[in-house]
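The chains carry the letters A, B, C and D, assigned in the order they are written, with residues numbered from 1 in each.
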Amino acid sequence: MTASTPVLTMTGISKQFPGVKALDGVDFRLLPGEVHALMGENGAGKSTLIKVLTGVHDIDEGRIELDGARVAFTGPLAAQQAGISTVYQEVNLCTNLSVAENIFIGREPRDRWGRIRWKEVRRRAAGILARLDLDIDVTASLSAYSLAVQQLVAIARAIDVQAKVLILDEPTSSLDAGEVQQLFRVMRRLKDDGIAILFVSHFLDQIYEISDRMTILRNGRLVGEYLTKELPQVELVAKMIGQELAELERLHGTAKVFDRPLVEARELGRAGAIEPFTLTIHEGEVVGLAGLLGSGRTEIARLLFGADHASTGEIAIGGTPQPLRTPRAAMSHKIAFCSENRRSEGLIPDLTVRENLVLALQAARGWTRPLPRSRQDELVSRYVAALNIRPADPDQLIRNLSGGNQQKVLLARWLILEPRLLILDEPTRGIDVGAKAEIQRLVAELSGGGMAVLFISAELEEVLRLSHRVAVLRDRRLVAELDNDDRLTTESLMETIAGGGHPA
Amino acid sequence: MLVTAGLFAAMFVAGGVRYEGFATGQIVLNVFIDNGFLLVVAVGLTFVILTGGIDLSVGAVVALSTMVSASLLQAGWPWWAVIALVLAMGVVLGGGMGAIIHFFGIQPFIVTLAGMFLARGLCYTIGTDSIPITDPAFTAFAQTRIDLFADLWISPSVLIAVAVVLVAAYVLHYTRFGRAVYATGGSEQSALLMGLPVARTKITVYTVSGLCSALGGVLLAFYMLSGYGLHAVGMELDAIAAVVIGGTLLTGGSGYLLGTVLGVLVLGLIQTVISFEGTLSSWWTKIFIGALLLVFILLQRLMSRRGA
Amino acid sequence: GGGGTTSAGTGGGGDAITMGFSQVGAESGWRTANTKSVQDSAKNAGITLKFSDAQQKQENQIKAIRSFIQQKVDVIAFSPVVESGWDTVLMEAKNAKIPVILTDRAVDSKDTSLYKTFLGSDFVEEGKKAGQWLVQEYKDSKDPVNIVELQGTTGSAPANDRKAGFAEVIGADPKFKIVASQTGDFTRAKGKEVMEAFLKSTPDIDVLYAHNDDMGLGAIEAIEGAGKVPGKDIKIITVDAVKDGMQALADGKINFIVECSPLLGPQLMDLAKKVVKGEQVPARVVTEETTFTQEQAKQVLSSRQY
Amino acid sequence: MRRLLWPLLALAALLLLNVAFTDGFLSIQIKDGHLYGSLIDILRFGAPLILVSLGMTLVIATGGIDLSVGSVVAISGALACLQISEDASVFTAVALALGLCLALGAWNGFLVAGIGIQPIIATLILMVAGRGLAQLITDGQIITVNSPAYKLIGGGYWLTLPFGILVVAAIWAVTAFLTRRLALGLVIEAVGGNPVASRLAGIDARRVTVMAYTACALCAGIAGLMISSNVSSADGNNAGLWIELDAILAVVIGGTSLTGGRFSLTGTVLGALIIQTLTTTIYSIGVPPETTLLFKALVVTTVCLLQSPAFRAKVFHRRPRPAPKAAAEEKVKVTA
């Protein structure tokens, strides 16, 4: 495989953003028929490398060769036409269009007169999604589906293109194990067809499972190119973050007894979204939610936060029923919710890191009581350091941060509220291994201090590592509540989720 | 959309109950006859608004078209050459604005506002008086009545407007350009990253709007048989209102052409109601228009919310 | 509801006359007085008035006339927004055998059979009257006379005509020079604003000619603000003769006003009755209008209706 | 404040143009105990526009737009003058007028935030009906009032300065305080930048929106008082006609995006001053009325082109190489 000539080579690529050198003389090559992982911490420059390659940004220095010929794309359209198909990091689809259209827009099958053949579009869209094991109504608007489904649709769009090079920038950040396996199957098939695949992910297991070779970036510089099988995981992490990472273990202490209920959902439900469920979260307890894509985890979180209106049941806080009709009401009871969809439900792109970070705290205080500047500075610098947010410039616009760093800012927004119940929906989406451990440690620490946490993650290991108790959802129904003792493993949890096994 | 159509029908029936001679087929046709040019302009504007942009220059371009037509016809040009030139002028103006908007990243509001100043200014440099149109072809076109069944009739402008609507609806729903319009409006950044020709789409929609405005101007010239710099003052607001009443979001990405047609009809019907009401004083006319608009929008909003 | 759909046929032959009146809009006090005059005299004359406000849009006016035809009124009267472009709809009225009377402004149709008569002022004539007074006033002076002009809304018929009539008369003598001319949109606020700028950019203004009283009144404030005396340091001619204007004239702040009367109502109703009866009427009826000097203003001030 | 550089330059250029055409354009004298001169005129006549634009900035920052300001201007002036002409005290008249404006603003806000009607249509309703209301109040006539106290608001002087300018300065200061010293600015920008996210962050977007529209109508109301006081009369038909376009233009020239989010009050004031200077320029250099609009189109386009980083990059640096920063910034803007 090493012998074959690269389909793509990038040499000496540099890219300067105002105040940040995002790429500094990076070399990169991609061979046909390989899955090549691009590794690095949040803000290392992975997405930027992909964007300069596909012409979203101009490069300052360096050259790009595709099939031996120098290229400089004017934009994604040109790159696509040259055979590079890309899924960018954030889901970049048009949620106002139907699922089928999102897959085919720009290259819809047409008849002789240039008229789009809608039937054909729908039929083929359903076919492609079936390859990813997704059976949804392709005529529905994309906005009706969760982020995970949107991510799959974006992937479907990319893999359908007849391409030489397929680029996937964190395609699996919202997917659970089943979908990831399905994606990998498709990737392997494409690889066998001789397509070169560039893959970015912060899940090391996935990297080791699928990739043949990896290139590591650190702070916009090239660390090196390695064969995956020759680089042990510890070394990879060390190369990425420049230091060794402590072993991860279960973070919660040994079985505690929680007897002070904080939030109780009683027969709470929302027609069409989640069947009525009853769930109690105690002070200092971390409750994990596990379930498959679309099983209703996000719905539970939104109901508890008052983001959606419940159609049945009630919520009691400290024993008294409270109507949580708006997020504001929930916040007044010190409930916080970090949404899974950072782009549409989290970021205010035109505001700075500082403003985004203090937003919720400021909203809770009301605009007439501004947060003193000194307090802002203190909070911001504390969390920038704690979560390793880079660049560490609080006055940078948040839209200019890398995806992972944006996520950290949003997390910090809720952590500084010091809520009594913190609802985290996929909080570690797109966050690198180092920061992820840091976040998990922080959550454990806060819960140790009495804060209740509702933790949602597609990564079961993470759920297990943190939670005291795991609630399992299937088909929008709460089916089990399991204590997280030594007998609970990812396998047994998986079984419960799939509906096979029974709680131990 | 259904709600809008239903409300339109309800309004028509209510008018029929209230005013004698209201609920006739010809009243609906008259709404078309009297608003053919507005319809064409609104169709063009729908493209722009669907991409999330706005075009304030439409009214001025309409006026300029009537002015150019009238003055060229007066100078003895043949009618077909005049029409061709006017349409070309619309394309150039629209395309120019689109190019500035796209390449220099200036907000559409300002660029098209400057375009509005420019077009009106050009009108006045041609002349401040109104110029009558006496060209036989234009006159014939203006006075032709196409008889339908049972005493009903329409003007040729209505046919042109309907044709424009049909073509535009086809383009929006069955061509790649049309779909790119929706995608660009949904999220310009996503559309770009999905590899859609955003630049071309954006420039084209303004070109389409310019073309439609010019065509609307020609229809207005038929309707009025005159060219005048003060024609169609404030028409951009009418057109925007029609598009938005039709359910298109000003932020782009959502809406249908049929909605725009309904929007124009609603505005026209309000006008008709006003004229049937008969004796409203000038200010009550305005208040009444506002109130009808309010009632319509409120019902539309509440009913579609209930439905959702 | 539901009436017949026949489009042709003579107007309802009942005894009460129904008149459809399409007004330009309500853009000025003058216009409102005009509307009121028409409405009041219709009531007095026992004529049922269908009134429609076109909000300054010709297309609305055309629609209104169409709707009058549809409603089979006995006579249609309207003040055209613009001169051109009425042939089609007037033809429809003619086909429906509904007589049409123009008020206030003329139309430029070649086919004069489309309307029965035109009742209104002559804007060109008004401009000429203003010019004639000026020529008279300065007939003994040899020095150049610097004039600034506050025009009405750009492109509107009164602005065009009052400008042209005035220019025609003073053009005969080279000592009259229009040193600055700008639109004040017929409003006081704009009149004041433009005059302020004139006062600074143009030294030695002798005369101000404003296309209506309101702009003149605004300008007076500007002139006073600049420490000059309106009517003395700068002579002021305006058109319209609304009450505030007449007051200023009587106070000596304006020197001369050309009347442009909005009170067409009674004359219009007379004409309408005749036209409906089928009597012959003159093709052009000029409203009874005059001009006012400061002395005349003092005398008539108390009897002004608006 | 680098982004205010270009509007400032444009303003300076316009003033220079005037200096070239009119002698003593920049001179300011004291006449009758108050300041007198072209620059003072620009401020004085610009005061209502600045006010309306300030209010409009807040509305636009929430992602909305307010077309009804012109009508509110007319209504406020009309009501105040009507009251005064019926022998009410100036204070009552002003209070009543502004009270009505507050109600109208709240109404706009209610339609937008409460019912969820698109702002342009919601405010179009008041734009149309409000003009009728103003005419109803004045009975379509011009109400002339003769009250020295009322005259002060828009036409008077205080401490040699035009009173209107002082009012504007005060309101600007208050708005700046509320938005920048207190956290109102952050909250408004968040609502305009991403309404969904702000709701989830616990911001009461509805209340903020209603407040913005109310403030906007209040500003328009005060501007209406100024305009009518300046000429001692209320003109329900023409007062504030098309001022919404000028105000929106001022906001946009000042660097605030019509899509909402970030706003700059100083930029807006500059924008309004540019527009007023442009108007004055047209009068004083004698642009004939027929070409006024062409001149306006030219100036507006030039100002905007100069402000556009993309344009500057393309024209001033033939190759973006010497200034990669500017080029990069521009690219991001265009794609985002």
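Going forward, a residue touches a chain if its C-beta (ideal position, glycine included) is under 8 Å from a C-beta of that chain, and two chains touch if they have at least 3 such contacts.
If you want to know which protein each chain is, UniProt gives these names: A = Sugar ABC transporter ATP-binding protein; B = Sugar ABC transporter permease YjfF; D = Sugar ABC transporter permease.
Model, not experiment: these values are computed from the prediction.
*Asks:* When contacts are scored as defined above, which chain pair ends up with more C-beta pairs, A-B or B-D?
*Replies:* More contacting C-beta pairs are found at B-D.
*Asks:* Chain A to chain B: how many Å between their CA centres?
*Replies:* 45
*Asks:* Using mean CA coordinates as chain centres, what's the gap between chain B and chain D in Å?
*Replies:* 29
*Asks:* Between chain A and chain C, what is the gap in Å from one C-alpha centre to the other?
*Replies:* 71
*Asks:* Can you compute the centre-to-centre distance for chain C and chain D, using the mean CA position of each chain? Integer Å is fine.
*Replies:* So the centre of chain C lies 33 Å away from the centre of chain D.
*Asks:* Mark out which residues of chain A touch at least two other chains, giving numbers and ranges.
*Replies:* 56
*Asks:* Would you give the residues of chain B that are in contact with at least 2 other chains, written as numbers and ranges?
*Replies:* 124, 128, 189, 192, 281-283, 285-286
*Asks:* Two or more other chains in contact with one residue: find those residues in chain C.
*Replies:* Residues 26, 32, 35, 154.
*Asks:* Let me make sure I understand the interfaces: which chain pairs count as touching?
*Replies:* All chain pairs meeting the touch criterion are A-B, A-D, B-C, B-D, C-D.
*Asks:* Can you name the residues of chain B that touch chain A in the complex?
*Replies:* Those in contact with chain A are residues 170, 173-176, 179-180, 182-183, 185-187, 189-197, 253-254.
*Asks:* Which chain B residues qualify as touching chain C in the complex?
*Replies:* 15-27, 30, 34, 37, 70, 123-124, 128-134, 139, 142-143, 150-152, 220, 223-234, 271-272, 274-276, 278-283, 285-286
*Asks:* Within their complex, state which residues of chain D touch chain A.
*Replies:* Counting only chain D, the residues touching chain A are 181-184, 186-187, 189-190, 193-194, 196-204, 208, 261-262, 320, 324-325, 327-329, 331-332, 335-336.
*Asks:* Can you list the residues on chain C that touch chain B in the complex?
*Replies:* My answer: residues 1-7, 23, 25-26, 32, 35, 39, 49-53, 55-60, 62-64, 66-68, 70-71, 81-88, 91, 108-110, 153-156, 159-160.
*Asks:* Okay, in this complex, where on chain C does chain D touch?
*Replies:* 26-29, 31-33, 35-36, 151, 154, 180-183, 185-189, 192-194, 196-198, 200-201, 214, 217-218, 221, 225-227, 242, 244, 306
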